[in-house]
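You will see two complexes here that share subunit A, one where it goes with subunit B and one where it goes with subunit C.
And then the complex of A and B:
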C-alpha cells in the first residue's frame, strides 16, 4: 500500500519538475540536465553527452542513472552507447556525429515503464570554415576623386553553420574596420581606400567550429585601378584630308596616375575596328592625330586608358565619336561601258553610255558632275562633243564608226583622272579563251585565259537569265593583268549569263559567254510528260523543258520512269536537250504509268504521273485482217454471181418457172367477150388503187368439185403449205377481200411484192356462187396465187371440158381487166352484186377492187376467218357498202399507187361449198 | 605634452588634442623591429614621393576651391584674411642638401600637423558648407593622402633610420570658435600648406627618387 502511494507521488513530482521552468527562475527545479548544453559539433567527430540527475530527485522519487534512456528525436539510442558513470550520471557516446539529430533527450523509465523526459538539448552539426582562396581586388574609379575597392574570393565548402566572412585590410601602422559582405559570402567593397600605401588585405571566415584566413594580399591600390574611360572625346578635321585629331579629358590627374591609351577607329558602317599602334599612345596625353585616313570619309572613334606602367586594368571603351575627313580630288575616273543598239539601222547606232559612280573612297567627296567627251576617230574633221551629265548614263545617236569617249568626275576639290572608252566599228579582236566560273562562298569567280595580245582591260557583263523578262545587264571592269574576278551580289539557284570582252588599245575583242550558277539546287518541279502517240508496243512521250526559274541548276538529264500497274519500274535516262522520247517494247493493251524526273547536280525532282494504255492492235493489223476478208468476200460473191450467171437458166427454171401468157391461152381466144388485147393503160386509169395483171375468175359449181383431179389440186395444196399461217384462219382472199385481215394482207403483200415484181405469179381470184340450183346463189370469191399449174389445169379443164362444157360455159368466167364502162363506181355495190349474180365481169373486177381498198377494216376481216360462207357473203356486202362510202378517205389515207399496193393473195381455204382451185 | 602611442593619430584623438597647441611624440614602434615589416617594402619611398607630388598638385586647387566656397570676404581678400603669419605651422627648414633622415623627420612633423589640421578643417566645412561636395571630397582625399603619407614615413623612419619616436606639435583647435574664425583658420592653414607642400616636394624629389 505504501509502495503504491509512493510511486504515485513520485510520478507527480516528476511531472511537476519537468513541466516547471528552470530552477533558477521557476517554481520547481528540474530533475536533471545534459552537458554540454546545445553543442556545435564537427561533422564526423565523436561526441559524448552526460545526463546528470539532481540529488533531490534521487531522494524523493527513487530515480537513478541506471534508469536513464537516451533518445534522438523519437528514436531510442542503443543501450550499448550508454554508460552509467555513477548513480546520478549517465553518459551516451556517438562515434560519428553524422548520425546525430536534434533534439537529444535524456529520459527515465519510472515504475510501470512510464517514460518521462528529464532534459533535452539541441545538437548542431557542421564544418569548420575552409580557408578562403583566390582573393583578388580591383579598384573602380567611381568619380574624379572617388574610388572603391571590390575584393572577391572563393569561400570554400559549405559549412552548414552560420559562417561570417570579413574582408580585412590594414596599413603598416593602421588597421581599418572590417568589410562585412552583405547577402553574399564571396565579395565585399571597401569605400575608403588610399593610393600609394601598401595595403595588406585578407579574408577571415569564422563560425562556431573555427576560423580560417585567406592568404594575405599586399598591394598598393593604385596598381589595381580600373579607371574611368576618357571623357569629352572630340574629333576635329585637320588641314589634310587624311587626318583627324582626337581630343579627350582624363578623369585622373597625372599626379595620381599617368595613363596610356588605346585608340580604335573604323569607317562608319563598317564593323571592323582598326587600332592605333599602342606604342604611339603609350604616354600620357589628351589628344592624338590619326593619319592615313580616307578623304571625305566618316570615321568612328573610341578610346580607353589604363595606368601607364600597365599595372591595373584597362578602362571601358569610351562612347563612339564620329568625325569626317575633308574632301579631296577623286582618285580615279569612273568605270565606263557602253551598250550599242543597232536595231533601228546598222549604220545608225544608239549608244547607251553607262558608268559606275565612284566608290566613296575613290570619289573623295561629292561628285558634282560628270564631264563626257566624245570624239569621232574615223573623221578628224568632226568636232569633239562635250556633255555635262549629273547621272551615270548618257545616250547618244552616232553613225557607225570608231569613237573615243572620255569621262571625268568632278567634285568640289577638282576633277578625277579621265576614263577612256574606245568604241570601235567592229569587235573583231581576239576574244578571251577558256572562260570558266567557280563558286566561292557567296561570290562567283569568273576566270579566263588572256588572249595573246596585250589587253588594257576586261569588261565582264552578267545578267540574270529569266524566261519572263529581259536580261538586265550588270557589268564590271577588270584590269588587263588579271585573269579572273569575283562577281558579287550573285543569287544562288539563279542562272547567270556571263560575257567577257577584252579591251585593246586599238579595239575590242568579241565577247565570250558562259552560263553559271553560284549554287545549284534540285529543280523546283519536275517535267510534265504526256503521250504524243501511243501504239501497240511503243509510245511517244513528249514534254516541255523546265523554265530557267524552275531549273535551279543545269539540267543534267531527264529520267523517264514507267511501269505497269503490277510491274517493275523501268528507268530510262534521256539527254536534257530532248523533249520527246519513244518508249518501245511495251505490252499491248496495257495501262502504263509514266513520270519524268529532271536532275541537276544537286538533286532531282519528279513530275506528275501520267497514264496511258497501249493499243490492242498495231498499226495495219486491222487493215491486214479486214482487207483480205473483204476481198475474199467479194471474190466469193463474184464467183457466186458468175456461177449464177452461168447457171442462170437452171436457176431461172427453179425460181421462175415459165409461165405461159394467159392472153395467149385458148381460153382467151375462146371467150367472146374478152378483148383481143388488154388495154393496160385504160385499166390503170380505171383502177388506180391497184392493178391486177392477171385475174382469173372462175365460177365453179360445188358439185363440179369432184370433176377436178388431184393433179389439179396439187398446186393449190402446195400453196396451202406455204401459207400455213393463213390456213384455217383466213378465207385466203386477204387483200382482195373486204373481210381479209390487214395484217395478213401485209404479210401477204410482202410475198406479193416479190411475186408481183417477178411478174411471174398469176393471181387468180375465184368467185364461187355457191348454192343450189333452186336457191339464190351466194357469190363467194376467192383468190389463189396458184402459179403455172393453174393454166395447166385450165388447159386440162379445157381438156376435161368436153364432158361438161354447158355448165362450165355458163358458170366460168375468166376475165382480164374489165372495160372502163364496167367500173362505174357510182353504182351501188349492192346492185353490182346483183349484177355479179348475172355474171357481169366488169362488176366483179370492180368489186374486188373495192374490197382491196377497204381492207383496212381489220375486225371484219378477222371475223370473217371463222364465219361461215353465208356470213362471209353478208360481210362482203356490208364491207362493200362501207368500202364505197370510205373510198375517198381510203384513197387519201393510202396514197399508195396501184403498183405499191399489196397484190398478193393468200390461197383460200377449201371449204365445203367453196370454190376449188383450178 | 601628451604621449601619443601611435604615429598616426586617430581623428578623434586629434580633435581632443587640438583644443590648444600641443606637441606630441610619435612613438613609431614599441620594442625592437618595425611594425608590419612585410608592408614596409622598397616601393614605400616612391610611394611617399608620389604622395607628396599628389598633395603638391592638388594643394592650390584645394585652396582656391576653399576660398571660393567660403564666399566674401575670403574670395576677394584672401591675401589679408588668409595670411598665415599669425598661426602655428611646423617649421620646414630643410633643403635638398639636408640629410635624408632630417628631411624625413621634418616631413613627418609637417604631415602629422597637416593631417590633424585638415581633419579639423573638414569637420568645420561639413558644418559650414555641407553642400560644397567637391570641396569636402577634396578635403577628404587630401586628409587621406596625408594619412597614408604618415604611414609611409613611419615605415621609412623605422626601417631606414630606426627612429621609433618623433615629437609632433599640433595647431590650435577651432572648436568653439566662430564661423568666421573657423573659415579664417582653415584659410590660413591651407595657404601655408600650399606654400610648404611645394617646398617639400622639391626637397623630397632628390631624396626619394629611385636610385
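And then the complex of A and C:
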C-alpha cells in the first residue's frame, strides 16, 4: 500500500517537474537530459548517446538508469543497444546512423509500467561536402567598361545538409571578398574583375560535417574574356558590283585587348553561311571589304571577335546586317526553246518561243527587256526580224524552214551574251540512246548515252501525264558534255513523260521519250472486272485499264483471283497490256467470285468482287440434244403416217363406216338428175373437210319405192321450203355464206335462161331470197349450191364409188345432225364457187337448175338444225355442180335414162321478178 | 570593397604577408633560371598592358570626374604632394631597378590617394553616383595590381622591396591636411592627371626593362606593345 502511494507521488512529481514553470517563467528542470544535444551525424557512421538522470529525480521518484528505454520516433530501440553506465546514466549505440530518425528520446518506465519521457533530441544525418570539381571561369563583357566573371563548378554529391559554397579569388597581395552563390550551388558571378593580374580562384564548400576546397585556378581574367560582339555594323556598296564594305565599332579598347574577327555572310534567303578566311581578319580593325560577291545580290553579314592571341572566347555573332551589291550586265543569255505547232498545216508553223528568266546571279540586275532576232536560214534574202519582248515567250507564224533565233537579255548596265537556237526544218539528226531514269531522293535523274556526233546542248522536256488534261511541258537545257541531269519539282506517284532532244551545231536530233515515276506507290484502286461472256466451263473477263492518276506507278501485271464459294482461290497473272482474259476449266453451273488486282513495283490493290455463274449447258449442247430428238420425232411421225396410209382402209373402216349413198336410194331416184351425179368421182374435192359426227341412216329398199306416200315426201318438201326461206338470209346456205352466191346465182340464172332454152331436161334449182326488212325480196334463180339433201358430202370419191355400188342395190335416205360447223361449210363453198364460175364460163349448156317453189320461202317450222339445212343445200349444190362439171358426159350418156326414168320435178313457184324455167 | 580596401591598405596582414613570403622564397630559388627570365618577360608584358588599360581607364575616369565634380577640364592643378613627378630628366639614363623603384613609390602613393578619394567620394555622394565610385575602385585595383607587378619584378632583380611608409612609421601616415571641399576636388583631379602621366611613363619603363639586357643576357625583348 505504501509502495503504491509512493509511485503515485513519484508520477505526480515527474509531471510537476516537466510541466510547471519555474520562478523565472521557463520550464522547470527535467529529470534528465541527453548528450549530445541535437547532433549532426555523418551518414553511415556510428553514434552513441547518453541519457543522464538528475539526482533529484533519483531521490524522490526512485528512478534509475536501469529503467531507461530509448525510442526513435516512437519506435523502441532494442535493449541490446543500451548500456547502463551507472545508476544515473544510460547509453545507446547505433552502429549505422542511417537507421536513425528524429526524435531520439530517453524514457523511463515508472513502476515498470508507466512510460514517462525524460528527454529528446533531434538527430541530423548527412554527408560532408565533396571537393568541388571542374571549376571554370569566363569573363563576360556586359558593357563598354564593365566585365563580370562567372565561375561554375560541379558541387558533388548531395549532402542532405545545409552546405555553403563560396567562390574565393585573390591576388598574391590582396584578398577579395568571397562570392556567395544565390539560389544555386554551382556558379557564382564576380562583378569587380581586374585584368592583367594573375588571379587565384577556387571554391570552398562547407557544412556541419566538414569543408572541402576545389583545385585552384590561376588565371589572368583577360585571358578568359568573352567580349561583346562588334557594334553598329554597317555595310556600304563599293564601286565594284562584287564588293561590299563592312564597318563596325569595337566595344573593347585596344588598351584592354586587341581583337581578331570572324566575318560570315550569306545570300539573303539562303541558309548557308560563307566565311571570310580567318587569316584575313586576324588583326585589329574596324572595317573590311568583302570581295567576290555576286552583282545585284542582297547579302547578310555578321561579325564576331575575340582576343587577338586566341585566349578567351569568341563573342556572340553580331546582329545580321544586309547589303546589296550594285548591278552588272547579265552574265549569260537566257535558255531558249521552242514548241512548233503544225496543226494548221505542215507548211505553216506556229512557233512558240519560250525562254527562262535568268536566275538572279545570272541576270545581275533587273532585266528590262529581251531582244529577239529571227533569221530565216533557208532564204538568205529574207530580212532579219527583230522583236523586243518583256515577257518570256513569243509566238511567231513561220513557213516551214530552217531558222536561227537569237535572244539577248538586257538590264540597266548592258546586254547579256546571246543565246542561239537553231530551228531546223526537220529533226533529222541522231537521237540520244539508252534514255533512262533513276529516282534520287526528291529528284529524278534522267540519263542518256550521247550520240556519236558532237552535241552542243540537250533539251530535256517533261510533263505530268494526266488523263484529264493536256501535258504541260516543262523543259530544261543541259550542256552537251553531260549525260544526265536531275529534274527538280517532280511529284511522287505521278507519271512523267520525259523527252530528250540533242541539239547539234547544224540541226536537231529527234526526241527520245521515256515515262518515269519519282516514287511509285500501289494503285489507288483496283480494276473493276466483269464478264463479257460466260459459258459452261469458261468465262471471258473484261476490265478497263486504270487511269494514269489511279496507277501511282507502272502496272507490272494484273492478277485475277477467282474461286467458288467453298473452293480454293485460283490466281492468274495477266499481262498489263490486256483488258480481256478467258478463264477456262471452270465448273458448270457454279457461282464464281472473281476480283482483280493491279500491281506496281510498290504494291497491289484489288478491285471489287464480281460474281458470275457458269452455264449448265455448253454452247451447242442443247442443239445437239434437241435436233436429234426432233428428227427422231419427225421420223416416227412419218413412219406413222406411212403406216396409216398403208392401213388407211382398215382405219377408215374403223373410224368412218361406209355410208350408203343416198343418191342410190329410192328417194334419190326420185330426182331425175341423181344418176348423173353418181358419175362424178371428185366429190371429195367439193367437201374435202366435211365430216359428220352423227349420222342417222334411213335405208329404204328400192322395192319399197311405191310405199312412199305423200306423207313421206312432205318432209322433203318442207326441206325445200326451208331452203328457200333461209337462203334469203344468206346465213346457213353455203352459197350465201360465200357472199357471191346471190349475184352469182343471178348471173347464172341469166345464163341459165339460155340454157333452159336449149334443154328442157336440165333440172334447175331456184334460190329465193327474202327481202331485206321491208324491201321487196327479189327472187333470183340461181344454181343451187346446197349440198342438201342427200348428205354424202363427206364421203370420198372412193366412198362414192363404193356407195354407188351399194346404191345400185338399195336407196338410202339419211338425215344429218349438225356436226359440221360453218367454217367447214364455208370454205368448200368458196372453192366451189370458183369452180362453178369456171364451169359456167366453160359450159353453160350443162347447167342444171333446180327450181324451188315460191311457197317454200315461208319460214320452216320443222326445227331442223341449220347445219342440216346447209348440208342439205350443199348437197344440192354439189349435185348441181357435179352435174355441171360432168355435163358433157351426162348430156350424152343419160338421155335414155332420163327418158326411162319417171319425170319427177319439185313443185315450182314463180314469183314476181322470178324466172320460170322453160 | 571595404574588405578589399582594408587588405590593400594593410598589405602587411597575415595572409598577404605569408603569400609574399612564399612567393619571395620561390623567386629567390628560381632567380637566374630560364623560368625567371620567362617570368620577368611575362610580368613586363602584363605590366605594360595593365598600364595601358590603366591609362585608358584613368582618361575615361578623368572625363567622368570633371563632369561629375563640375570642374573645368583645362583647370591647372598644382602638383600633388607625395607623388613623384612622372617627368624626369635623363630618363633614358636610369637603370632598370631605379625605374622600378620610382614606379613602385609613385603607385604606392597613388594607391593611398585613390583610396582616400574613394572614401571621400562615398562620403560625399553616398550611392548616388555608383558609376564614378566603381570606376575609381577599378582604377584603384589596377594601381594596386601594377604595384604588385613592380614588386615582383624587383624580386626578380633580387632587390629588396622597400617598405611602405605606413610600415616604416609606427605612428602611421600623417593625417591628411584639412582641405576644403573644392580643394579635395582639385586634388582628385591632380591625382588622376598625374596617374595618367605615370601610366604612360610606366609603359615606357617596362618596355625598356623588357628589352634584352646585355649585362644580364636575358632573353630577347617582348614584341608586345600596349
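Heads up, the rule we're going with is that the second predicted complex is superposed on the first by the 616 of 918 C-alpha atoms of A that agree within 3 Å, B and C clash if a C-alpha of one lies under 4 Å from a C-alpha of the other, contacts with A are read in each partner's own complex, and residues count from 1 in each chain.
Definition applied: contacts are C-beta pairs under 8 Å (C-beta built on N, C-alpha and C of every residue); 3 or more make two chains touch, one makes a residue touch a chain.
As the structure is a computational prediction, the values presented were derived from the model and not from experiment.
**Q** Let's test your reading of the overlay: on subunit A, do subunit B and subunit C clash or fit side by side?
**A** With subunit A as the common anchor, subunit B and subunit C collide in the superposed model.
**Q** Is A:76 in contact with subunit B, with subunit C, with both, or with neither (first, second, both, neither)?
**A** A:76: touches no partner chain.
**Q** Based on the superposed arrangement, let me know which partner A:195 touches: subunit B (first), subunit C (second), both, or neither?
**A** both
**Q** Is A:101 touching the first partner subunit B, the second partner subunit C, both, or neither of them?
**A** neither
**Q** After superposition on the shared chain, which partner residues are touched by A:220: those of subunit B (first), subunit C (second), both, or neither?
**A** Touch partners of A:220: subunit B and subunit C.
**Q** Between subunit B (first) and subunit C (second), which does A:177 come into contact with in this model arrangement: first, second, both, or neither?
**A** second
**Q** Where on subunit A do subunit B and subunit C both make contact?
**A** 145, 171-174, 192, 194-198, 220, 222, 253-256
**Q** What part of subunit A is in contact with subunit C in the complex they form?
**A** Residues in contact with subunit C: 145, 171-177, 192, 194-198, 220, 222, 253-257.
**Q** Could you please specify the touching residues of subunit A with respect to subunit B in the complex?
**A** 145-146, 170-174, 192, 194-200, 216, 218, 220, 222, 253-256
**Q** So in the complex, the part of subunit B that touches subunit A is made up of which residues?
**A** The touching residues are 6-8, 28, 34-36, 38-41, 43-44, 47-48, 50-51, 53-54, 56-58, 137-138, 140-141, 144-145, 147-152, 154-155.
**Q** Hey, which residues of subunit C end up touching subunit A in the complex?
**A** Within the complex, subunit C touches subunit A at residues 1, 3-4, 7-8, 11, 13, 15-16, 19-20, 23, 46-47, 49-50, 52-53, 55-57, 60, 134-135, 137-138, 141-142, 144-145, 147-149, 151, 226.
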